[in-house]
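After this come two complexes, each holding chain A, first together with chain B and then together with chain C.
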Partner chain A sequence: MEGIIGGLFSSVLPVNLLYMFIGTFAGIIIGALPGLGATTGIALLIPLTYGMEPVHALLLAAGIYQGAMYGGSITSVLLGIPGTPTNTATCFDGFPMSQKGQSKEALGASLTASAIGGFFSCIALMFLTPLMSKIVLYFGAPEQFMMAMVGLGVIAASSHESLSKGLLVGFLGLVIATIGGDPMTGYDRFTFGIMYLDDGIDFMIIAVGIFGFSQAIAMAEEAQSISGDTKLRGRLMDGVKACFTHWKITLRCSFLGVLLGVTPGAGGSVAAMLAYSTTQATEKDKDTFGTGNIKGVIAPEAANNATIGSAIIPTLAFGIPGSATSAVLMGLLMIHNIVPGPRLFLDAGSTLYTFFWGLVWTCFAIVIIGLPLLRFFAKVTVVPYQILVPSIVILCALGTYSVRGYMFDVLLMFAFGILGYYLKKAHYPMVCFILGLILGPTVESNLWRSLIIYGDLSFIWTRPITLALAILLAAVIIIPIVKPHFAKKKGEEK
Partner chain B sequence: MKKALAMLLVLVSAALAVYAGGSEEDLSKWPSKPIHIINQSAAGSGPDLFIRQMQPVLQKELGTSLVLESKEGSGGKLACDYVWNSNPDGYTILAHSSPLTTVTQISKDCEYSIKDMKHIASIDATPYAVIVRADSPIKSVADLIEYCKTNNASNANSGIGGAMFLQSRIMADALGIDYAEVPYNGGQPCTLAVMNGDVTFTVTSFDVVMNNNQVRALCILADERVAAIPDVPTIVEEGYTFPFLTMRRGLLAPAETPDEIVQKLVDAFEVALNDPSFTDYAAANGINLDLIFGEEYQALDAQIYDEIMQFVDYL
Partner chain C sequence: MEGKRMKFEGVMAIVIAAIVAIICLDGILINKLPMEALRYPLFCAAVVMLTAAIEIVKAVRNGTGKQKPIHKNARNFAVAAALMVGYIILMWLFGFIVSSIALTIAFTVIYKMEKPVAINIGAAVVIIAVYFIFSRLLYIFLPEGLFFEWLF
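Right after this comes the complex of A and B.
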């Protein structure tokens, strides 16, 4: 407790606040550029922090982390290109809002939802680390398998328009996820002897192609700016307010994010996708999702920022990072001779609590820095297509190239763009595709592991968490199918 | 017409973006431009952090800036191929992680050998250790053998045909034990698998126990104990000996790199690795430094290659 109060005072020192703001500003820009994310941002920061006070270095990193996690949504909303993998789900409704001229409202909502989600996560990190680190110890291969199955089950609820279309693209996602070395035997699958495919296709390459490049094709075809003939309407504040009007969604998705952030095998992208698809499934106006529903912006953005604090928990408690970003963050800690693990809170207490509070303040910093920036950014949607289309294509190419540094990936991204263009034209629910794609590897490898360890499927009913998740899965599949029938009966009774 | 023009715009900008990818500059006075260090693992992983820690000193010594690039994939082969095929002008060097890169080269029938590359500097020698959960009834190597005989034991490895997998098999043969082999994506998930009870044990770099009280090291797979955890015995003390694969991170340059350039790199790394900014960091984090430079390092790496070659049937 002393540490927490000491950290609070030290975190509000003007010089510390300055570092936080610089970090946040840099983070927002890094996140907004496709292909660069919090991981790269903090990695680039590391050599710059020698000779710097550890506290200052950590506060810069806190700003970059929070800023980048949010910043990615700016590109998602305005251009339909996910700025980072975690902002993919924001494209579904954020970009259609921009097309309707409501970009300001969407940006306001993603900003506020990110800040609220991040805030809860940092509070959890500060007060619940000992408790939440236990989740890591109970989530083995069988639990991770079942959790991902529940996520796949959501496809049933997300394909409200046509179940067969949803299942089809969900399956396509699963198939594409199998490309690369077999996780169990190491044999190459569907790589056609191309070495670049040995590790499968990076999610970012597919996401940028499917969302970004396909959008550029569509825009060129329509030959008009993003918002077309419609005038820019709405205000940033409308979006801010929406997060509070829909406070149930904001809170629920924040908690989902906090929980999934610490769960092995999940992470920011999975949290955002599940937040989006469960919100879509449970809301009454679910048919308007995908056409520019503000709830579809709030849900994923609250959830992905909510993984920030909780993903750091296993890193600090066991020295095992919960995400790529927390791995680099751990590197930064180690360079400043702060060694993660059980003795951490004793050895580096005050520095650490200052960092925690710093993470809390950066949630406010993204709002303070974000609001004036967004007013300016929102105008991108009225830029003439002759300028915007080539810019988007180049941004897509640069973004994919920066993931691993191979031209092959860029060509692959173009191919996925063309695929995405036709799939969207035929109204296939892309949510289902992305769910299959990101959950496929988790399902497959953890099912195999469980089978090797337990010999048969008994792990489903002999382990309490797995059993509970299995029941949830059954509910997730059955309810969307049964519900319309009940609703009909009710209607008849009336 | 308008549409066709717009489509053309998409194509042209796509082509430009692709074209902008390549282009090399001529070699003049070395170093006259930034040096790229290619890493086979992600930013934030061990070798990446080592170099970032040395970066300020290295840049001062070399008089140019360093660019760290991650080219992940195919068990380190993609990064290695990239450096092997790059201009041997000293501007592209590889962050090498042995035995990972070596094992992959052998198992994937690579057309060239890491032995032929110019070796610059070896940074550390991190031995593997047998790791179990902290509350595991297994307290010694004898317990492990007994447990594997009477129970369904399982072992987590970082991928079939990888270094952890190979070291586990070599050990299993020497101890005469049998267990289920469970592959995970990389080393850290294996430690997690021990923690959450998925598997009985794993064979991984010893430093995972340094800051994690949920796992315990049974023994070190090396001839000598390590200074960071002096209480943990070696498997040799427990009466078993077999070839030990040691994790060794270092830097390599393409085979044709001129010797003068290699020497400049060796000198710069020698200064950076002995600088207090690096040695203090290594001490605080329990990194087992083992500095070997130039041809001496090349000879050692070649010896490791040949040693692993004996086990080619396991891969």
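Right after this comes the complex of A and C.
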């Protein structure tokens, strides 16, 4: 407790607050640029921090981490291009809101949900690290496999128009996710002899193509700006209020984010997708998801920022990074002679608690910095399409090229853009496709690991958590199929 | 008399099935991967084929003589797609700056934007600034183009 209070006082020193604000501002800008995210931001920061005090370096990193996780939602809402993979789910409803002239409301909601999610995560990091460290030990390969299966099961709930359509694109996502090295045998699969495909297709390339590029083509075809002839309506504060009106969603998705953040391999993208899908499945107005429902913005944004603090827990407690960003953060810690592991809090307790409080303050910093900026950003939706379409295309190319530095990736992005354009025209649910892509590698690698350990599928019913998740999976699949029949029957009886 | 036409959803189901078939054929016939590396993707592919078949049957059954056109404005779509293909080719040949400036000029001219000169000058400044921010500050080197690589 002493460490926590000491960290609180240290974190509010003016110089520390300044570092946090600088980091948060830089993070928002980095996150808003497609292709760049928190990982790149912190990696770029490392060489600049050699001469700095460790606490200042960590506070800058805290700001970049929090800012970038939020910043990605700005382009997701305004242009339909996910700034980072974790903001992909925000496109589903954020962009349709912009098309309806409600960009201010969507931006306000994403900002507030991010801040609340991030805040919960930091509190969990500070007070629940010992408990969470124990929970994470129960999450082996079988549990991770079943959890990803529950996520895939949500396809049934997400494809409200047609289950077969949802399954078709969901499994297409799973097939595309198998391109590249096989996680068990190491063979290069389905690469067509193209060396650029040896590492698989980066999720960001597909997401930018499917959402951003296809949208640019659609806008050029219809010859109108994002919000068309609709005038900007709504206020930022309406979005802020919506997060409190739908407080159950905000809290539930924040909790989901904290839980998935602490699970190695899950990360912000999985958390955001699951938060979106479960919210869609459980809300009464689920048919309006995908057409500009503010709940579809709140859910993924609360969840992805809620992974920030909890993803750091396994990194600090065991030295096992829970995500790519945590891995880079671990590098930053080690450069400053802070070695993760059991002795961590004994050796560098005061610095770490200042860092934890820094993460808490950055949640407020994104609101303080974000609110005035968003008023200007929201006007992007009324910019004439003749300027906006080439800008989106350039941003898409920039985002995909930045991932690995290959022109081949830009070509792939174009191909996925065309595919996404036609799939949307044919009313295929893109949520299911993205679910398949994100969860595919987790499903496959953990399935094989579990089979190697157990020899058969008995791990599903012999482990209590997997059994509980299997029951949940069955419920997730069966309820959306059975529910309409019961509702129909009830209606007839009435 | 007009015959029954498949709905567009069915056409897309055929396209998806074809993509998945090509991917799988590469693994089975060309790369000749062992079964242990193919088992999981083939299971997923089988589900794709099954659901695609369901969608095709549904699309044929629900198809009517007259279908809604796929493109709201086919000309605009063709022009935009051509400009984007041209952009990628230009980027490969002449790099990020030249291709991006060319794309903005093409859009403002073809789609008849008011005050194109001022807008294009502004866009060129932003593009050059982005190039230098990425290469000098973020150390992410954007394409320079085959032509300039050959020239210098």
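We adopt the following convention: the second predicted complex is superposed on the first by the 489 of 494 C-alpha atoms of A that agree within 3 Å, B and C clash if a C-alpha of one lies under 4 Å from a C-alpha of the other, contacts with A are read in each partner's own complex, and residues count from 1 in each chain.
Note that in this section a residue touches a chain if its C-beta (ideal position, glycine included) is under 8 Å from a C-beta of that chain, and two chains touch if they have at least 3 such contacts.
This one's a predicted model, so the numbers in the text were calculated from it and none came from an experiment.
Chain B and chain C, once both complexes are superposed via chain A, clash. In the superposition on chain A, A:I217 contacts both chain B and chain C. In the superposed pair of complexes, A:G331 makes contact with chain B only, with no contact to chain C.
In the overlay built on the shared chain, the residue A:Y401 is in contact with chain B and with chain C.
By the touch criterion defined above, A:Y50 lies against chain B but remains apart from chain C after alignment on the C-alpha atoms of chain A. Using the contact criterion defined above for the overlaid structures, shared-chain residue A:R449 touches chain B, although it does not reach chain C. Once the two complexes are laid over each other on the shared chain, residue contacts for A:I4 go to neither chain B nor chain C.
Once the two complexes are laid over each other on the shared chain, residue contacts for A:F190 go to chain C alone; chain B is not touched. When the two complexes are overlaid on their common chain A, residue A:L467 makes contact with neither chain B nor chain C. In the overlay built on the shared chain, the residue A:V383 is in contact with neither chain B nor chain C.
Shared contact residues on chain A (touching chain B in one structure, chain C in the other): 40, 184-185, 216-217, 220-221, 223, 385-386, 389-390, 393-394, 397-398, 401, 405, 407, 410-411, 414. Only residues 2-3, 6-7, 9-10, 12-14, 16-18, 21-22, 42-45, 48-49, 52-53, 55-56, 68-75, 77-78, 81, 152, 154, 159-161, 180-185, 188-189, 191-193, 195-199, 208, 210-214, 277, 280-281, 284-285 of chain B touch chain A when the two sit together in their complex.
Considering their complex, residues 8-9, 11-13, 15-16, 19-20, 23-24, 26-27, 30-31, 33-34, 36-38, 40-41, 44-45, 47-48, 51-52, 54-55, 58, 70-73, 76-77, 79-81, 83-85, 87-88, 91-92, 96, 100, 103-104, 106-108, 111-113, 119, 123, 127, 130, 134, 138-143 of chain C touch chain A. Here chain A touches chain B in the complex through residues 39-40, 42-43, 46-47, 50, 136-141, 181, 183-186, 195-196, 198-199, 216-217, 220-221, 223, 264, 318-321, 324, 327-331, 334-335, 337, 339-344, 385-386, 389-390, 393-394, 397-398, 401, 404-407, 410-411, 414, 445, 449, 452-453, 455, going by the rule given at the top.
Residues 36, 40, 44, 162, 164-165, 167-169, 171-172, 174-176, 178-179, 182, 184-185, 187-193, 213, 216-217, 220-223, 384-387, 389-391, 393-394, 397-398, 401-402, 405, 407, 410-411, 414, 418-419, 422-423, 425-428, 444, 447-448 of chain A are the ones touching chain C in the complex.
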